[in-house]
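Labels run A, B, C and D following the written order; every chain starts at residue 1.
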Amino acid sequence: MISKHRLKRTVKFYETDAAGIVHFSWFNRYMEEAEHALWRAAGVSIAGGASRNIGWPRVAAAFEFHKPLRFEDEFEVRIRIDAIGDKSITYACVLVKDGARVANGSMTIACVERLPDGTIRSRPIPAEIAELFEAAPPSDDEP
Amino acid sequence: MISKHRLKRTVKFYETDAAGIVHFSWFNRYMEEAEHALWRAAGVSIAGGASRNIGWPRVAAAFEFHKPLRFEDEFEVRIRIDAIGDKSITYACVLVKDGARVANGSMTIACVERLPDGTIRSRPIPAEIAELFEAAPPSDDEP
Amino acid sequence: MISKHRLKRTVKFYETDAAGIVHFSWFNRYMEEAEHALWRAAGVSIAGGASRNIGWPRVAAAFEFHKPLRFEDEFEVRIRIDAIGDKSITYACVLVKDGARVANGSMTIACVERLPDGTIRSRPIPAEIAELFEAAPPSDDEP
Amino acid sequence: MISKHRLKRTVKFYETDAAGIVHFSWFNRYMEEAEHALWRAAGVSIAGGASRNIGWPRVAAAFEFHKPLRFEDEFEVRIRIDAIGDKSITYACVLVKDGARVANGSMTIACVERLPDGTIRSRPIPAEIAELFEAAPPSDDEP
């Protein structure tokens, strides 16, 4: 079972804004990139259930920003599963550059299925997915 | 029949980059926004054929950049149909700020349908769409 | 003094993702667009202090997502000042479509100044800005 | 001297649109990512001249799109210098997935300097940059 992942990343020029730093909307994208890498590290794609009409919409996402990121900065997105319930998963995320915490975030996703009439409803996480993941406590090595 | 449209637009902060100007990747988005507004002005949505598995992928897009745009700049995206063929439409586009040309672009889209096996193939533009649009020559009032 | 603003908005095609809905990273951008419109409604640009090396980095941002938005959906971003302190402003934000709540968010920005050596430090909100804004309680008309 | 570079890339979820494929505006970003990687491979950052008020605005960019890219597709951005003049550089770019050409593009950038009064003017490419790069013919191994 897998519970955490670290994604190395470099700031792209189009991620910066006129203040000279990464626009804050990108942090949710960085967190999602790390989530999808976590799933691939577990051997599955988060899009793998689409053929069975299963999806994973985001229910909540939050970030606190401590330090700016600039063009070509190298940083790490450290994501871990904070809680896994019957129908949802909550992640905690820390961005680290040069050993210092840049930002920390959280995100909750829900498992849903699309019914034949097109409506969406919450559903339990499929067993073959739930058995891949487990929650992890905050690591000592996270700044 | 409709052949051109003008879209007023203000630069959003997240469209700027660390050079203090709009990142060049946004111009294709501005051009597409104006295209979709042109279709709505003709009384249809470009997404309206999705239920019949008809779509409009972009085949080519190009821009020349003359002047920068900055945060909160107000500008106009002037789009016109440059050519409409049996299976494709080509647009010409000029961005204007304070009477001066900021950039000019072009874009060609193709009409395609998705077959039951999931493959995509080119197809003629449906008659009810083709009859809405006609090509227009460059206007004298375009800088 | 101004304390709230409503921004009308239409979903652009490039804001959607392969799940057919607006990608969740856009909600922070919608909230910021409404913030900047609020400032303009107060007669100033949030970028207006740049010449005096004053800026407004985001300290925190959060969203809860209730309903999806799709291409060409029309919605409203209702932002209000939830709290204004000596050195920061906190906004609350509700996105509404067809009278239903799509998402609700919050964002805190800090006032900073850039020193001659390039470092950034927190500073009090300039009086001429502070006097433009005041906090507002949640409105009865917000869903 | 360096004249070409290959960048490996995976499609991120936020790069897709409601048609289920990468939005065409991303191809200019992919091309720019490869350009910046080419410069780093030459031992410099394209942002390295900012302290001397030298910048590299895009003058033109174009793409033809042949095949779609989808979430988690792995592809390669192959960029080469097509021409290097006194004041500008033109790149040619091919995106390849599974040995097939996805798209091909081109981009021209100009060397400019910011004058003390804030205006921008074209200027010769600094010798220490010009000596790093040389044009390359299209490779046989490019599809």
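FYI, contacts are C-beta pairs under 8 Å (C-beta built on N, C-alpha and C of every residue); 3 or more make two chains touch, one makes a residue touch a chain.
Here the structure is a predicted model, which means the values were calculated and not measured.
In this structure, the chain pairs A-D and A-C differ in their number of contacting C-beta pairs, and the larger number is found at A-C. Of all chains, the one whose Cα centroid sits at the greatest distance from that of subunit D is C.
Distance between chain centres (mean CA atoms), subunit A to subunit B: 34 Å. In this assembly, the C-alpha centroid of subunit A lies 29 Å from the C-alpha centroid of subunit D. Centroids of subunit A and subunit C (each the mean of its C-alpha atoms) stand 23 Å apart. Residue numbers of subunit D whose C-beta contacts span two or more other chains: 13-14, 18, 21, 25, 29, 32, 47, 71.
Considering their complex, residues 18-19, 21, 24-26, 28-29, 32, 47, 55, 57-65, 68, 120 of subunit D touch subunit B. Considering their complex, residues 12-14, 29, 32-33, 36, 40, 45-47, 71-72 of subunit B touch subunit C.
Listing the residues of subunit B that touch subunit A in their complex gives 13-14, 16-18, 20-21, 23, 25, 70-71.
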